[in-house]
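A, B and C label the chains in the order they appear, each numbered from 1.
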């Protein structure tokens, strides 16, 4: 039983990461009907941005987690957001009216460029890189289950951010503009909303969340690789679909469910660990075949 | 920032034009003369202590290497003085070609020769000359692409022969150039020349002639393809590459059916290729295999194709009704599932190590694919055997593709691609037809896959990562979706170029990503254009296809 | 209008691309420049020069380069100059296949040093054997490469006559580790492997010996190369009471695994084979990795006298990278080929299949003292040198703890 609970906590932590990344996917898809293939790489860039800043911090600051962690996170966000904005402007915006094949292929190209660019030009990125210990070490043990402080931080941060995002989208003016643009961009334009700007804001929000996830994941696992984005991105997309594309709370739930499923498969299936990544795809296929709107899905607005 | 640059450029252009007026021809002639002089001057300084990496002896006067290219391009630019249509663009292409070649050589000299002191007079003259030539070309009146007068039958056929022959010669020469820098200069020359000739109407004349005398054209192309191994002088290096290119081209044609004809985006396509491969490997009694059965290859091909087809239908049946984007991700998921299973089911597939020591094919008559053979007095390395097999495969697939494209099924696919709802309303069984396309694609991939593993004599799961599906997709898109020859060209370019430009190897995927972005932005219909596709892509926002959401109606 | 823009925009793009690619250097071809009028023979290399294992691969490349340079300047082969053609197999079996195709089609090539990874070697052996090109690995440890797929059940057949190795196999390395752990008083071990030829084979040999010694394997797990998050595996192993974790695989996964283990409270040493014996492992495994263990073939390089000469020659040659774990072995492997060439080539004017076969035969009868010890081959192509060393991480670096010849 304790083993089950232990793995459950592992799953929740994993799921928090997936959820944060998934939010970016779901928002962008909701607004411009594009699966941003390169979103996973934005996640990876967040980690690398944090790492880059850490390497130039003076030693005194490096040891102070309470200072280093937020700074590195901000650095990660800066890098991710910058790349995301450029990506939107240069690669996606010109293709907004093209048949669906074009932006998708472009997204694949962008993803390849980001991954390879990092591998080629970030010093040492051709091998896995060591990521600093920015999360508190140590753990608390409840009834035989060891919960590390790091995991608690990750989950808490993730949940707080998700709530913040949900509030933002529901309450603020920009949030309303985002929802309007998602529902009907032409009418939104007629209502005086600058849809281009709204789209940029969407990308920025998604990238920020992914960057935070990147830094947290890097700190938790202690290693980053240039190809982290690919699998993480696919799994996060699965989480988004599982929860219902366009639905923020669904995203979060989808992330946790996926994380738990994955870890349980490792625990209880023979050779489970080798097949670890497979379950995300199986879930994806099952959801899309049987319940394409996701678990909590709202009917995705059909553009008239 | 680029728009600012162009604004400045336009302003100065106006000033220059006002001064030279209709006498832009003066610039043109001046530029030509300079370039001609440059092509005989030395391009590198004598006695500078470096080994000349640029080939030809650039240190002395005379025509060699890049100077020959400059000379030829200048001659083409000379056509700017005539009254041919399209001369502006072609002369611009030629002058830009000269410019880029000069810049490239300049850079190479500075880099390898140890500094600006190594640059010979000729390079500067060429630079200036090509700039002047460009400015002169820019003053020419804008005209549409040239249309050559229609030629009598024998001239048409001669044209096809010449173009294909020259193409083959260029390929052989290009592949034979050992030094990377020389090759790049050669490639630049070829590109500039192709652009220039395109605007002079040669390309259109060729395609028209080909359409008119299609079967003769195919025969000539096939002959050229067959002739290729004989040009290699027994050297196996390129035969190995092209044997693989052949297999990938066949797979690309299969993907073309799925993506180009039926409009279904399959990002997991490489898995079918892999399924065919594993079936073939397991039944070949390889040295490191798990299944100790040896079936004759002629039986294995259809078996591999059948297994792949089975999985194609299995995958397609529940998922083909999904929207375009979702279908793409789901197929990607299947591709990854295949790869993960292949890695972990070590009992069957030997896991990450794959199956090695796959024997070469043997035909019942005793013909061993693994041995080199001599034909017409030329020694053909053993990869040529697979290459010839590939040609047969591609020919068969091409015939199949052309027939189905022209049939009711093909037209139904077009209808589905353009507007699925309307197609269904017209009584087309969209589900069955989409499944058919998917299944056909899987079958073709499986067939190609069975041959592929024998060329490399081994198979392993890492060859079937997602990136290779993306590569195949790019080959189809680059070559031209929906066309017959497009995927072959795309596959050839995408697989052969990285092999040739070895120094680019590490940057390969990065450039690949960049190329995809540029391609989708500026020329999404690919190199060989299907008229229909071009209209689809450039009609602006209303271009509807199966990728868009159901319910979107194409405006009248 | 739009097209015009395209053409104009393309210009800077094209020039930019040209500029970038123009920076590329020519295909590297190190090795000596011989006296004019001599014939050229080629030695090749297949190793990961890029990618996560590049530290090991580059060390291999530089060491072979050193051997070739030394041979050329000493004019070791009368009338012939040796050219060195190193190729990058990226540690990837797929790329290895292409490298093999490319190298085996070179007409002047008689031998190659490589590979690093057993899985890559599997894809390359046949291509070289078909051309009678001798292939000597400084690092492959999987027994199947020389003893056939059925070696484990006792039937040993040599699959390829032209394949040799100067490093000893996992049949030795795994059991050696098992003996060491037992001598430290450990009885319960969990194993993890990455399912590649090398890792799976190593763990299999280890477990065989471990059970023979009466120890228990509390958990047998697999991961995939490229995995990063090991929390599931670690949580599975923790309650089993293992006293050590034996890992079959390479350092890109082993390092993070060790780091996460310690962070999750599983404070047992991780022990691996020569695949983790690299400074990068310590960097990745972090500060808590003291006490982790690894075995590597041969004695520590600074122990042997012949090795000292190699080390100083390597240093004065000014290579950027360290010769790392397999440098000395690559050096010996290169010299095996060079010695064979010195026996066969003088008097010959071209390379054909009879010359190549003669070189293979000469390699088989190699018998000299190299920098890693005595170099000679048994009937399977395996080295007769069975010396191994256990290393431990102490204070952020690998420190040798025990050197011995394996006795089953």
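Things worth noting here:
One rule holds for everything that comes next: contacts are C-beta pairs under 8 Å (C-beta built on N, C-alpha and C of every residue); 3 or more make two chains touch, one makes a residue touch a chain.
Predicted, not measured: the structure shown is a model, and the values here were computed from it.
Among the chains in view, B has its Cα centre nearest the centre of the complete protein Cα set.
A count of C-beta contacts for the chain pairs A-B and A-C puts A-B on top. Measuring from the averaged C-alpha position of chain A to that of chain C gives a distance of 38 Å. Residue positions of chain A touching 2 or more other chains, listed in rising order: 271, 274, 277.
Among the residues of chain C, those in touch with two or more other chains are 50, 195, 222, 224. Shown for chain B are the residues in touch with two or more other chains, namely 340, 343-344, 506-507. Within the complex formed with chain B, the chain A residues making contact are 29, 33-35, 91, 94-95, 97-106, 108-117, 120, 230, 234, 237-238, 241, 271, 274-275, 277-278, 280-282, 284-285, 288-289, 292, 302-303.
The touching residues of chain B, when paired with chain C in their complex, are 2, 6, 53, 89, 92, 96, 100, 103-104, 107-108, 111, 179-181, 184, 188, 235-237, 240, 287-288, 340, 343-344, 346, 351-354, 356-357, 370, 381, 383, 456-458, 460, 462-463, 501-507, 511, 518, 522. Within the complex formed with chain A, the chain B residues making contact are 259, 265, 318-319, 322, 324-326, 328-330, 332-334, 336-337, 340-341, 343-344, 466-467, 470, 473-474, 477, 506-507, 509-510, 512-517, 519-521, 524, 536-537, 540-541, 543-545, 547-549, 551-552.
Listed in rising order, the residues of chain C touching chain A in the complex are 50-55, 195, 221-224, 226-229, 231-233, 235-236, 239, 252, 255-256, 259-260, 263-265, 280, 283-284, 286. Residues of chain A that touch chain C in their complex: 2-3, 6-7, 10, 13-14, 126-128, 130, 133, 137, 139, 146, 148, 150, 221-223, 225, 227-228, 262-263, 266-267, 271-274, 276-277.
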